[in-house]
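Chain IDs A, B, C and D follow the sequence of writing; residue 1 opens each chain.
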Amino acid sequence: MSDIKYKDKGSILNPLKTLQFFARKPVTEPLGPRPATETYRGFHLNDWESCIGCGTCQKVCDNAAITMVHVPEAKEDPIKGIRPLRPAIDYGRCCWCALCVDVCPTAAISLSREYVHVCTEDQLDSYFMLPSADGMHGTPYPEGWTKTPTTDLVDLEREEMPELEPQSRSDNFDEIVAGYDAQHALLEASRCVQCGMCHDACPTHMDAPEYIRSIWEGRPEDAVRWMYQSNPFSHVCGRVCTHRCETACSIGHRGEPIAIRWLKRYAMDAVDHERVKQIAAEGRVQVPTGKRIAVIGSGPAGLTAAFDLVKKGHEVEVFERLEKAGGMPRFGIPEYRLPYDKLDQDIDVITSLGVKIHYQCEIGKDRSMSSLRDEFDAVVLAIGLQLGRSTRIPGSEHIQVKAAVDLLRMITLREPFDIPKSAVVIGGGNVAMDIARSLARLQKQTYGEVQITLTALEPRDQFLADPVEVKEALEEGVTILDSRGPQACRIDDQGRLNGLCTWRVLSIFDEQHRFAPQYDSSDEQFHEGEMVVEAIGQMADVSLLGEDLTEALEWNRGRLKVDEAGRTSEPWLWSAGDCVNGPDVVHAVADGHRVAASIDACLATQDLHEV
Amino acid sequence: MRPENYQAQSHPPSNEYELFIGPNHPGIEGNYAFKLKLHGDVVLAGKADGGYLHRGFEKLMEGRLWIQNIALVPRICVPDPVPMEVTYSMAVEDLCGLEVPERAQWLRVLQLELSRIAAHLFTFGGHAATTGMYTTSYWGIADRDLILDLFEALTGGRVYHIFNIPGGTRRDVPPGFLEQVSQTLDYLESRLPDYDNLLFTNQVFITRAKDVGAMTQEQALEWGVTGPNLRATGLAFDVRRDDPYLVYEQLEFDVPTEAAGDAWARAMVRRAELKQSFRILRQVIERLPSIGGPVRAPIPNPLAWNVPAGETYARVESSKGELAYYAVSNGGDKPYRVHVRGPSSMHAVQVLEWLAEGARLEDVAQIMFSLDACPPEVDR
Amino acid sequence: MTERELDTHLVTILRELESLEYRQTSPRRVRIDVTREALPGLLELLKGRASYVHLSAISCVDWIEDNEFELVYHLWSYESNHLVSAHTRIPRETARYISVYDLYKPAAFFERDIFEMFGVYFEGSPHMEKFILTEWDGPPPMRKDFDAEAYVQETFNWQSYHPDWLKELEEEGGGVAIRPEEVRR
Amino acid sequence: MSDLSKIPIHTEKHAPEEARTNPLAGVFDELVRFAQSRSMYMLHYCTGCGAIELPPAMTSRFDMERLGIQPMVTPRQADILLVTGYVSVKTLKRIILTYEQMPSPKYVIGICSCTVNGGMYWQSYATAKKLSEYLPVDLYIAGCMPRPEAVIEGMRALMANIQSGETEPWKDYYQRYDYYLGNQQHLFGDNWQTPTDVIGQAQHYGLAGPETEGEHTRILQQYQQPLVAHKLRLK
C-alpha cells in the first residue's frame, strides 16, 4: 500500500511554500547546442588515409543509406586491397546506429559529436554527404562513437589450421597442412565481409567472395562451380597458391586475413571427384568447331588454356616432354606441400573433357615446331622455366653443385642420387626452401639427422620466401643464414666439394635500384657441404623453337615478346605461363585463360595461317 | 473517399452524438484516435482507431539481418526503448544459445531501470496534464531529461540507444558514470517530496483520479491487463520476479500493489515503482564494479550470421507491462518471423474501450494516460 | 508447486488428451503441438483446470513452403508461473479458424491483428474488420508472398541528390560507383 | 465547387512592389515579418517518433517558449506544422487535412531522416517517403531523431527565414496545387478529396496561377461532392 499520506487535506499556506523555488537553481539550459558526450553518435567522419573503399559499411547499413562513390584522387592499389571508393551517407536514410563504425575493417569511419543540421528544400543536397575528417559543415568536431576493441564486430582472428608437428613431419613427405573440416571451414568463411578485394587482387580474378559465401551457406558444390569459372587448378591453388587474395583481404589490414586458400582447398576436398568433373563440364559447347590447337607443355598455363579451348568446342592436343603432366607443380613443388594425387585430380578433370596429352614427346626432337604449325590452327607455347640459373662463382661448375629445379625433378621422379650428408643451399626464395626442406627430409630418412645450411642475400625481414615456409624450415632443422653472398665453392685436392664461402652482404641494390650487391670481405664464413644447391632463379629453355623460328620471333631482353593477349609476333603462336611472366602458379592460370580467350576470338574470325 | 473523422456516418438523436478524439488532439497519447459515442457527457461506447503509426515493423524485420534489427526495435516503443532492445537481444541469444556475460547482464538491468524511471516520469507528466496540472509535466519532463543525459553518456544517444546487441552490450560504462548515476538518483529522490506535494497528495488530483477508470482484479485478469495496471488491482505479479531474466533474481526489490484499480491507484503504483527502481539501481551501482569480464560474448560476423532454426518467446517487464517477442528462425541470416507483443496492445485498445464505457468525457484522456498506453506499440 | 519441474497437474491434464505432443523447452516454457481440431479443447482445459488464465499473445507464422499458417497461443499461469505455447497449423488456402474469444478476451485483438496482417478469418471473433490497415487496399502484408520492397519501389520516389561535391567528382571522372540497392541480398 | 466560392471575398490584387512609393511601407513589412517570426504557434500533433523530443524542447529544460513558440491544439490557430518523423499513409491524409485547415502564412518543418528519403522505414509499405511531394516544406532538421537543441536551432533558422522574408513555400501549395494534388492522388487514389477549397483560397490570396489547376484538379472535381451540413435533429 502507499507510503504517503495522500489524505492530507493541505493548508491554505501551502501555495506560499512554492516561493522556495525562486531560490533553486534554474533547470533551463542556455540557448544553443550543448557539447555532446564522448561517445555521441553524430554526423560521420571518415579517415581517408585508412579507408580502403571496401564497402563493408554499405553492406551492414540497414537503411541503405550508404552509396560508394568513386573518388579519382584517392589511392588505388588492388594488390594491397585499396580501392578509390569512399562512402557517402544519405541523411535522409541514416539512423545513426553506428553499425558502420563497428563493422569497418580498417577503423576508418567514426561518428562525431556534431549533431545540428538544418536546411531548406533547395538545400536538400546537403543531406547527401561525403564524410571526411572535416565534419558536416567544415568545422572539425571531436570524434564521438569510435571503434574500440569492445565495439569491434570484425573477427580479426583466423580459425586455427591443424598441421603436422615438426617431429612427425621431418622424415617424410606427408602433407603438412591437414585442411579444415566442415565446421571450421564454415566458421572461417563466416568471417568474410564480401568486399571482393581478393577478386581484384587475384591474377585470374577468382570469385572468392562468392565461393566463400557458398561454403558458409554449406554448399561446397556451388563453391566448386564458382571456382571452375576461373580456375581449373583449384586443388593446386588451394594448396600452393601465392594467395595475393589474402594480402589484399580487407580484414588483413588490422587482423589476420581470411584463409581464402585453405577455404578453396576445403571446398575442393569436400566435393566428390566425379562430381567435380560434372561441374567442370557444365557450359561446354557441344558442337565441335573443327579447329585444332596444339599446346606445348602441360603445366598450369598450358592445361588451363587447353581446358578453356576444349570447353569452347575446339580440339586440343598437349605435348609433354616428361612422363607425367603437371609441370612445375609436379616437378618443382615437394609432395609435402602438394600431394601428387591432388594434382592428378586436377589434371584428370581437364583430360576428362577430351584434352589429349602426348607424354614423353619433346618438341624439337620427337616433333618439330614446323610440323605443329602445319598440322594445327594455333599453337600455345607454355614451356615454363626449366633451367636453373647459376651463380657462376668459382667452383660452381663442379658436379656436386646442382640446380634446385633439377634436383626437385629428380626427387619427384624418384631418380636415385647420392644424398649428401651435408649440403648448402644458395637462395632465399620459395624454391630454396623447397629444396632445403626436401633434402632435409631425405637426410633424416637416410642418416637420421639434418645438416643443411641455407644462405640468402637478403636480410631475414626481406626474404622472398613465404614467412610460413621459413618458419617451418627452421622447425625442421634447416640452418638459415641471412645477408650472406656466395663467393666460391671450395674444392679439395681430391676434387671433392667441401662447401661454400660467403661474405656478409652490405647492400643488394645500388642507388638506381639495380642489382649490384656490395659485400664486406672481412666477414667471410665457410659453410661445410658435400653438395651446393643453387636456387637463385630459373630460365626458359627455348631451344625447341629451332633456329628459323627463333630468328623470326621478336624478343625482349631474352624473353619472348608477346602482346597483351599473349600472342607472339607469329600470328599462329601464343605463349603463356612462367616463360612469359616469371614463376607463379596462379599467374600461369590467368595467362592460360587470356591466351585461350584470344585464340578463340581469333579463330572465330580468321584462318591464322593466311594472315 | 472522405476521411472518416471528418463526417459522421449516421445521424444520431440530438442528445446522443459521436465525438472523435485524435489523432491530432492533446488528450491523446501519441498519434492515435478514439471515437466516442456520447449521451451528454457520458460515454456510451468507445472505439479505438489505430494504425496512424503503423510502419510494418514485423515485415521490415523479416527483410533485415539479425543484427540490423537492433537499430529498428527501439522505435517500437519510443518512451521506453530499452526493454525493446533487451527483449529482442534475449530472443536472439536464446535461439543461438549465446551466453551473455554477467557484466553485460548487470549493465542491461541498469539501463532497463533507468528507462523505467524515465518512462514513469513522462507518464506522471501526461497523467497530471490530463487533470489540468501542467507543472508536473514540466517538472517530470525536465527530470526525465537527466536520465536521458545519463543514456547519452553511456550509449551515445539520447532516446534511441541501440546499445544492447545479441551477446551483450556494445560498450562498457564510461569512467565516472556510476557516480553520475548515483548523483542523479540522489537528486531524483530529493524531488519525490516535490512531486508528492504537487500531485500525489494534491486534493485536485486525488478527487479527479479516484474511482476513474476502475477495474476489479477479475476484470483485469480477464482482459489481459499486465504491468502496473494489473498491480493496481492488487495482484502482486511482476515478470522480473516471477519469470526472472538477466540478474533480477540476485536483486532485492518489492512488487508494490494498490487495491483500488482506478486511475489513482495506477499512478500510486508507478510512484512506488519509481522507488523500487531507485533501490535496484543502488544495488547495481554497488555490485557492478566488482563484476569483471567482458560486456559482450563473441558473436559471428554480422554480415554472415545464420541463427539456428527454432522459435522462442522472450518476455520482460517494461514500464508499461508485459512485453514479449516471439522470434522464429528458419536457420537463415534474417528472422523468419518476429511477433512483438506490446503491453499497450491490450491497454490502449480493448481495456481502454471497456473502461471508457460509462466514464465521463473529461475523464477519457485521463484513463488513457493512466493506463500508460503507447500507440506505436499497438501499431508497430 | 516446484517451479523447476513441469507442473504435475499440467502433465496429468496433457496426458488426458490425445493427438498432442508436449515438450519442456526451458525451466518455465512448455511447447505443445496440437492438431487444429483439438486446440480449443486444450485451451479450455488449460484455462479451466490448470490456471492458465492469461493469454499473453497469439502469434501467426506463414510457412509458405508447407502451405500452412502456424498459430501459436502463448498462455501464462499466474499460479505455477509457466508459459505454455500451444502450436497448431491450419491450411493456407482456406485460412479460417475458430475464435477463442469466448475463453480469452484478449484474443479479440490478436485475432483481428492476424486477420489484417495474414488474412486468417476467425469465426466467432467480435471484430473481424480492419483496425490498423483501414487505408490499405493491398494483400495482407505479412504474408510471405507480398514483396514489400517491390511495392515500395513501384509506389514511391526517392531523392535524387546531386550535391556540388558530386558534380566536381564527376568532372574529374569519378562519381557514384555502387548504389546501396546493388549490395542488398 | 463548394459554397466557399460564393462568399464574397476581397480579390483585389496587391499592387506590385515597385509601385509602392511610401518609404515607410518597407519598414512596415519588416515590422510585420518581425512580429510574425516572434510569435508562433506550433500545432500539437505527434505524427511520428521524433515527437518524443518535443516535450523536452517545449518544457523547462530547453524552453522553446523563450523564442515565442508555443504548442497550439487546433490547426485553425497554428502557424507551424511540425512533421516529426515518418508519416504513415494513414497519418499523411490527416496531415494534409490539417495543413489545409491552417491559415496562411503557415510553415512546415520536416524533422528526422524519414521525412526526407524514407529513413529507417524506406522499405515499409506503410509510410510515405518524401514529404515534400505532398506538402511544401520550409525546413528540414536532420537527425534520427534530432535533439531538442537541434530542434531549437531549426526553429531559430525558421524565425530568421521568416524575418528576412526569404522563403514562403506555403504560397507554392497554392501556386502548384495541381502537382501536390497529383502526388496525393497517386498515393491515396483518384477519389481523394479534402473539405478545404484550396483553389478558392488560392484565388483569395491572389496566388492562383497556371499550375494551380490542371488534370488532377479536374479529377478532384469529378469526384468531389458538395459539402452538406449535418441536419441537427433537436428531438
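Observations, loosely collected:
Criterion: contacts are C-beta pairs under 8 Å (C-beta built on N, C-alpha and C of every residue); 3 or more make two chains touch, one makes a residue touch a chain.
Quick caveat, the model's predicted, so the values are computed rather than measured.
Farthest from chain D in terms of Cα centroid separation is A. More inter-chain C-beta contacts link the pair A-D than the other of C-D and A-D. Here the CA centre of chain C is 39 Å from the CA centre of chain D. Measuring from the averaged C-alpha position of chain A to that of chain D gives a distance of 60 Å.
Averaged C-alpha coordinates put the centre of chain B at 32 Å from the centre of chain D.
Inter-chain spacing, taken between the CA centroids of chain A and chain C, is 48 Å.
Each of the following residues of chain B touches two or more other chains: 51, 54, 56, 59-60, 63, 71-72, 142, 160, 379.
Listed for chain D are residues 60-61, 90, 93, 116-118, 120, 122-126, 144, 147, 188-189, each touching two or more other chains. Shared contact sites, meaning residues of chain A that touch two or more other chains, fall at 27, 59, 62-65, 90, 92, 95-96, 124, 127. Chain-to-chain contact here is organised exhaustively, every possible pair of chains being in touch. Interface residues of chain D facing chain C in the complex, by the touch rule stated above, are 89-90, 93, 116-118, 122-126, 128-130, 133, 187-189.
Remark: chain C residues 159, 161-166, 169, 172-181, 183-184 touch chain A in the complex.
The residues of chain D lying in touch with chain A in their complex are 60-63, 66, 113, 116-120, 122, 132, 136-144, 146-147, 149-150, 152-154, 156-157, 161, 167, 169. Remark: chain C residues 133-138, 141, 146, 148-149, 151-152, 155-159 touch chain D in the complex. Only residues 64-65, 67-72, 142, 152-153, 155-157, 160, 162, 170-172, 174, 196-197, 200-203, 206, 257-259, 268, 271-272, 294-296, 298-306 of chain B touch chain A when the two sit together in their complex.
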